[in-house]
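I've put the structures underneath this note.
Next, two complexes with chain A in common: one pairs it with chain B, the other with chain C.
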Partner chain A sequence: MESDELAIAAHGLGVRYDLRQTKNRTLRRSLAAAVGARPGAEQGIFWALRDVDFVLAPGEILGVIGKNGSGKSTLLQVIADIISPDEGTIRVVGRRPTLLTIGAGFERELTGRENIRLNAAYLGFSRKEIERLVEPIAEFSELGQFLDQPLKTYSTGMRARLGFAIAVHTDPDILLLDEVLSVGDADFQEKSRHRMLEMMNRARAIVVVSHSGEMIERTCSKVLWLEKGRVRDFGDPEAVIADYHKSTVKLIPPAPPAEQQAAVARIR
Partner chain B sequence: MNAAANTPHPVRIRDATLSGRIRANLSDLVRFRHLVWYMAMSSLAVESRGTKLGRSWWVLEPLALMGVYTVFIKVILHRGGANFPLAVLAALLSFEFFARSVGRSMSLLKATQSSMLSVAFPRTVIPLAVTLSESIRLIIAVAAYIAIAAPFGVMPSPVTALALPFIVVEILFTLGASYFFAATSVFFRDLSKITDYLFWLLFHLAPGMYTLAMVPAKYRIIFAFNPFTTFFEGLRAPLLYGLAPGFSSVQTGIVFLVSVILCIAGYLYFLRREGSFNKVVV
Partner chain C sequence: MVVESIRGPQIGARARLAYLMQRARDLYEFRYLVRYLASSALQVERVSLSFGFLWWLLDPLLMIALWTTLFVVILERGSRSSYPIPLFLMSTLLVWQFVNRTTRNSVALTHYKELQMRPIAFPRAVFALANTLAESVKLSMALAFFPVAAVLFGQPLSPVQLLAVPLIPILLTTTVGLAWFFSALNFVFRDTERLIGILFRLWMFLSPVIYALERVPARFRLLYELNPLCLIIECFREVLLYHQIPSLSYVGGAVAAAVITATIGFVFFHIQEPRFARLN
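Up next is the complex of A and B:
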């Protein structure tokens, strides 16, 4: 397929977790795992994703739904190149697929500005790009003279603001969101929402993981429904979400009113 | 007619094969070269902040250790030859560089597993950045060493430069060991406890607190197998005695070769395990 018509393509994608490495670890097993010995039986192997196939075209927003533990976050990690597949292939066309996170890798002894530089370097920006980004990020964070103070002097809210300011200036071609983020007071939230929408408009493709079927139906152009690591359904939001609700409605009480959901989303 | 066609987007295809991973990782390392630099500079900056004496500790720490050994050997046991404290100091600089690089590579890789699971930088930069920052510390400490040695009548000469190739080889050796131990410690958490003692044992089985000349000739072959013998003497002989190291060029050649092989093998081993680092639940 031509690269221009493709944003993400997964083909027979599988990710395997080896539970023997984490559970019941004996010295012998750990050593065997450390030197890479492969015991014969497939026991203790857990496939977080298996046989996952889908194709996403540029300009599309993919919503990923499924119960806890269905493999949604693992899929984001594979697309972001944090976990490599054990089976099949993933094709990502676009610069810097980024899973949006706040303040990962912050160093408390470094100043706010130094943390902006370090954090941007973790995201793969070059020195030139970093120098261009520092001031817009600093300004967006509204932290003023605190930017030259070590991070350990910051309140939790200030830290979050700095992290968020960095996150919304990354402008990746492929934007990956694990639930929609929001921090700060009302004014900062409004500014953030605005900046986030700009970033979403510029992105070549977006993948959103959410528990809110309503949010996904509103914003996404395609929906991928995962169940136990396999694709249960893939297609237009309306049809997939309707089936998804049908299958879960017996298990969960009716959704709370929208106001309450919004309040909960804010707290998150 | 199609603007997108003029600006090709980079395509990433990841497959599980090792050769695919090597190719991908090498291009990642080029892309993330600035991260290596920023990480190294940050760790140097962080270390010197929050302490009253700051960067002076880079020199003061080995000096303090030298003091401990001098009290123990010279004052209590009445042993040790001329310039004993400086002879010990040269070995300590070399050893501390190795032990700190490997130890910090292990702990930093562990730390990223809990706090950096959402950031996609190649984990292979960790031992690189750690070894780089420790190398900078080592170079500064060696410069300080030359200055400290001058009042004792040990003047820098062209022979001093002979230490340089030995430093380079130790850096390669250390990088390879850092890759190997860091990758293994992810799956075998007890490793960092074991290495603390293993490395000290290797230190004492090399001419650190004594010089190679003090070892009876028939035992020297045992010391030849310890790479630290080459690193310690490679630093000490040119810097302190103004001499070329007192062992054969064959031994030097072997250690050079082993270091290069360890560096490549350690990197490949790390790369092979890297795919599962982020899947190990801490």
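Up next is the complex of A and C:
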């Protein structure tokens, strides 16, 4: 398939966790393994993803659904080039596939403004691009003079604002979202939602992982349903989400009696 | 411009080589991050300590004072040397301390930052590289103090001492190779971070740091010089203390050791790197 008709293509994708390797990392375990001691229950290989195939065209939004441990986050990490596939290939057409995160890598001794530079550098921006980004991010964060104070003087909310302001200014070609993020008060959330929509409009393609079937159905053009690391279904949101709900609905416990719900509501 | 990447398992020598070349290009692309990490690490250290950057000088001087006390007072070795013991030790301990501290800090830093920065894709090799650059600033400052110390001990100065400057890049290359190698090994064997302390203590006694290379018996010399730090340490002593231009074989050997160590470190780090995100 030509590059301009494609955003992401996974072909026979597999990611393996070798439990012996992840466990045999201390000297004692390594020596035991070297002399042939039985690793017992630690032995074995766990496939977080296996035989995953899908194609996403430019302009599409892919929703990834599945239970906890089905491989959703691993798939995002593979697309973001954090984990390499052990099997198959992943083809990504677009600059800087970025998994949107808030505040990873902040240095508490540096000022807010310096942290903007540092974070943008982690995301691969050049010096010129960073200089262009600093002011819009600073303005968006609404942190005013605090931006020249060390991060250790910030409240949790202020850090989140700064992290979010950086995240929504990254403008990657391929935008990866692990649950839709939101921070701050109602005004800031509204502003963030607008900025996020702008960023989504500019992105070549978007992959979003969510537990909310409703959100996926509303925003996505394709849905990938993962189960135990394999593709259970891939296609139009309406049909896939309906099947997904049918399979999960029986797992939801019956609602508690009305008087119990009323008591909980009173406590809240 | 449309950027396209196709990734899969690297099977075969050609695929591995292409992967390593790509990683080298990635590292170059993130050069601003390397510079920013190095300068912000120095800045953080400067503002978070009461004596700030004075520690960059105090730290090596205190260590030299400690070793001098051990030599002169406890072992009573001072009178036999034709050079003042503190200067003799300073010419090589500064270099040793740089390698030791850079490698050990890189191991801890790479592990800590990998966990902290897991959701973001960038070359993890930046931490060891930035740390080496930051430490090299402290080394340069300590080395610049050497002529001052020499004058204080009544020793002459020589333009040959300036040859320490071109030796620094050779030392940096060796050190970053070691930092990459041990940082990656720490993901394979989690105990590396602990064992490295003992290893480096032992390594110091197997390197010409507190004694001159000429004291090593000739029959062990070839084996001894396989130590990638041996010749570069001796080169620093020759230019700083003896005011002698190191022989071509010493410089050539030090350069070869630097290139081999950096290559092994780079290759080992990047072969292991895809596993980092799957380990804790």
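Quick notes
Note that in this section the second predicted complex is superposed on the first by the 230 of 268 C-alpha atoms of A that agree within 3 Å, B and C clash if a C-alpha of one lies under 4 Å from a C-alpha of the other, contacts with A are read in each partner's own complex, and residues count from 1 in each chain.
One rule holds in what follows: a residue touches a chain if its C-beta (ideal position, glycine included) is under 8 Å from a C-beta of that chain, and two chains touch if they have at least 3 such contacts.
Because the structure is a prediction, the values reported are computed rather than measured.
Annotation: superposed three-chain arrangement on chain A; chain B versus chain C shows a clash.
In the superposed model, A:4 makes contact with both chain B and chain C. In the overlay built on the shared chain, the residue A:197 is in contact with neither chain B nor chain C. Shared contact residues of chain A, touching chain B in one structure and chain C in the other: 3-4, 17, 21-22, 30, 77, 80-87, 89-95, 97-99, 101, 104-105, 107, 109-110, 114, 117-118, 121-127, 130, 173, 178. If you check the complex, the residues on chain B that touch chain A are 2, 4-5, 8-16, 21, 31-32, 34-35, 37-39, 42, 45-46, 49-50, 112, 115-121, 184, 187-188, 272-276, 278-281. By the touch criterion stated above, chain A contacts chain C in their complex at residues 3-4, 17, 21-22, 25-27, 30, 77-78, 80-99, 101, 104-105, 107, 109-110, 114, 117-118, 121-127, 130, 173, 178.
Residues of chain A touching chain B in their complex: 3-4, 15, 17-18, 21-22, 30-31, 33-34, 36, 58, 77, 80-87, 89-95, 97-99, 101, 104-105, 107, 109-110, 114, 117-118, 121-127, 130, 150, 173, 178, 204. Remark: chain C residues 2-9, 29-30, 32-33, 36-37, 40, 43-44, 47-48, 113, 116-122, 187-191, 195, 274-275, 277-280 touch chain A in the complex.
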